[in-house]
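Please find one structure pasted underneath; my questions will follow.
Here the chain labels run A, B, C and D in written order, and each chain numbers its own residues starting at 1.
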Amino acid sequence: MPEPPIAHKVKILFLDVDGTLTDGVIGFTKDGDLRHFWVRDGLALEWARDAGILPVVISGRDSLAVAARMHDLRLEHYLGIKDKVAIAEKVLARTGVKWNECAMVGDDLPDVPLFRRVGWPIAVCDGAAEVMPFVKSITKARAGAGAVREAVEMLLRHNGKWDDVLQRYEAL
Amino acid sequence: MPEPPIAHKVKILFLDVDGTLTDGVIGFTKDGDLRHFWVRDGLALEWARDAGILPVVISGRDSLAVAARMHDLRLEHYLGIKDKVAIAEKVLARTGVKWNECAMVGDDLPDVPLFRRVGWPIAVCDGAAEVMPFVKSITKARAGAGAVREAVEMLLRHNGKWDDVLQRYEAL
Amino acid sequence: MPEPPIAHKVKILFLDVDGTLTDGVIGFTKDGDLRHFWVRDGLALEWARDAGILPVVISGRDSLAVAARMHDLRLEHYLGIKDKVAIAEKVLARTGVKWNECAMVGDDLPDVPLFRRVGWPIAVCDGAAEVMPFVKSITKARAGAGAVREAVEMLLRHNGKWDDVLQRYEAL
Amino acid sequence: MPEPPIAHKVKILFLDVDGTLTDGVIGFTKDGDLRHFWVRDGLALEWARDAGILPVVISGRDSLAVAARMHDLRLEHYLGIKDKVAIAEKVLARTGVKWNECAMVGDDLPDVPLFRRVGWPIAVCDGAAEVMPFVKSITKARAGAGAVREAVEMLLRHNGKWDDVLQRYEAL
């Protein structure tokens, strides 16, 4: 196993939406938009929160479909955000967490400014080639098909909390 | 062909929903959620019921979309269930069926407590790696793309009922 | 190129829906069902009709979503049909076409009775293994992803009408 | 890198919809149709416009779902068009752009008349085999999964504008 990219515990996990928490598809009907999320990603974000890692979702696009999923998972979220760094800085100021105690999962160029600032930048394996030079980890699973679950497991193992998850389900 | 994992006939088939009867996608629009089921899985569950295996669906998440499919297939179902074992025990008490006469198809950690109790635990091939040590069979087909059809065929062959299905369609 | 399976021209093309004209997914929201069709399949069925092959859709399941697509393509269709052979016989009686002038594209056991009667039975490549012994052709493309387009092209070439299609689009 | 197929800058990018901007799926519910677009394609079209390439969408099919996405991206669009060449000629007359300053991304036979006229015809890699003889480039990414993003990047590099995109995201 490679050296973990940061020495301290992860306290905040920033997440992009389209192409990260979804498979990148933006569905449309005449009544509005549709997104495809992944059941095991959502469950993992509940585990993260229970284990003391705050998930914070920041998306460049506004969407009623994304908002519906965010409420379903009760996630702190910011949609339609042009300056993702400014939002993240407000979260850090409020929580007292430092950049190097944050991870970020993303897939495309708008995520690079955050990738350059957090301690543990993570790209989904089917993300844009242009972002790969800016991350420390790349998931094996694709976006909307386990990438976020995999990232959360990686962070929980790093924080020493993964066995708590297994124990909850008689799986240790 | 390997030895069947149980000696007696299967009487109940417990089923998870997300990532087992679906492909794991949880779609969202502003009006609510969407699920992707698989036509040949549903048909197989009708065959199971006709052949004396009772399908019982137990899901950790509540969902109006899932409920709509359950009514479409007229399946006994329990949604939004935190303690899957407690529900299953009530079904066993009502029917007089024993744990070792039950099979279960699932994909993730919340299914492990049932996997540990039923006679024939079955994982979908694209399930979480953590559940694989707790199952006796793994499907070749992916969830939401034939895994449940394959599991039902396996059980019907075991119960000696598969040829009845073929005969119904002039396919023997 | 192998010998064509029938000597005379094809006049009717019977089609299954789920897993043949769709990818097998039956989507559900609280408001009803969803199906995934394929743009190039629909266009090919227009070419078939223009070239004198009548497409007739027969499905075992009733569905408002399927009905919407059928109206969109103005296809003769029968949904919720338990006895597909009886419906097909009525179509043959009305049109004076013989079984050996018919082709059929399907994917699963309920299609076998028609496969056994038509002159040119065709399975989609991702159909159920149990149907393969009953067909004369298997598409290379998957259902809901080009299988019907491929079948139509095969029939139009057989009937000597494919070049008309290419000519229409300046592609000869 | 191969010689670029045209010597001058690209000023207009014509785009097909189904099977080019979407994955080819035409979803249906009882309430109408559904399309699957791709987040990174849409973002790339914004970059194209900012960099002086006008995207113009021309589709043979009319669709309220497609119209909703077009408004979301504020794209010039023409739906339900039988004669794509006539529409394109009107756009050229209005803008004063010449055929050899246009690119076109498409997937199927109805796109061939435009492929034969534009300077830089581009097919998506999962397009119909029949169109491939008429194009100068074929994307590596599939339709509805990055093909248009890839085409836009190719055009922006050709026009000398790609580094502007990278710079905007601190990714140079």
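What we mean here is this: a residue touches a chain if its C-beta (ideal position, glycine included) is under 8 Å from a C-beta of that chain, and two chains touch if they have at least 3 such contacts.
Quick caveat, the model's predicted, so the values are computed rather than measured.
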*Once the Cα atoms of chain A and chain D are superposed, what angle does the rotation have, between 0 and 180 degrees and to the nearest 5?*
90
*At the chain A/chain B interface, shared numbers over all numbers used: above half (same) or below half (different)?*
different
*Roughly how many whole angstrom separate the Cα centroids of chain B and chain C?*
31
*Averaging only over C-alpha atoms, locate the centres of chain B and chain D and give their separation in whole Å.*
44
*Send over the residues of chain D in touch with two or more other chains.*
27, 29, 31-34
*Mapping chain-to-chain touches, which pattern fits: line, ring, star, complete or other?*
ring
*What part of chain C is in contact with chain D in the complex they form?*
23, 27, 29, 31-40, 42-43, 64-69, 72, 144-145, 149, 165-166, 168-171
_For the chain A and chain D complex, residues of the former touching the latter_ = 18-19, 22, 24-34, 61, 108-110, 112-113, 116, 128, 130-131, 134
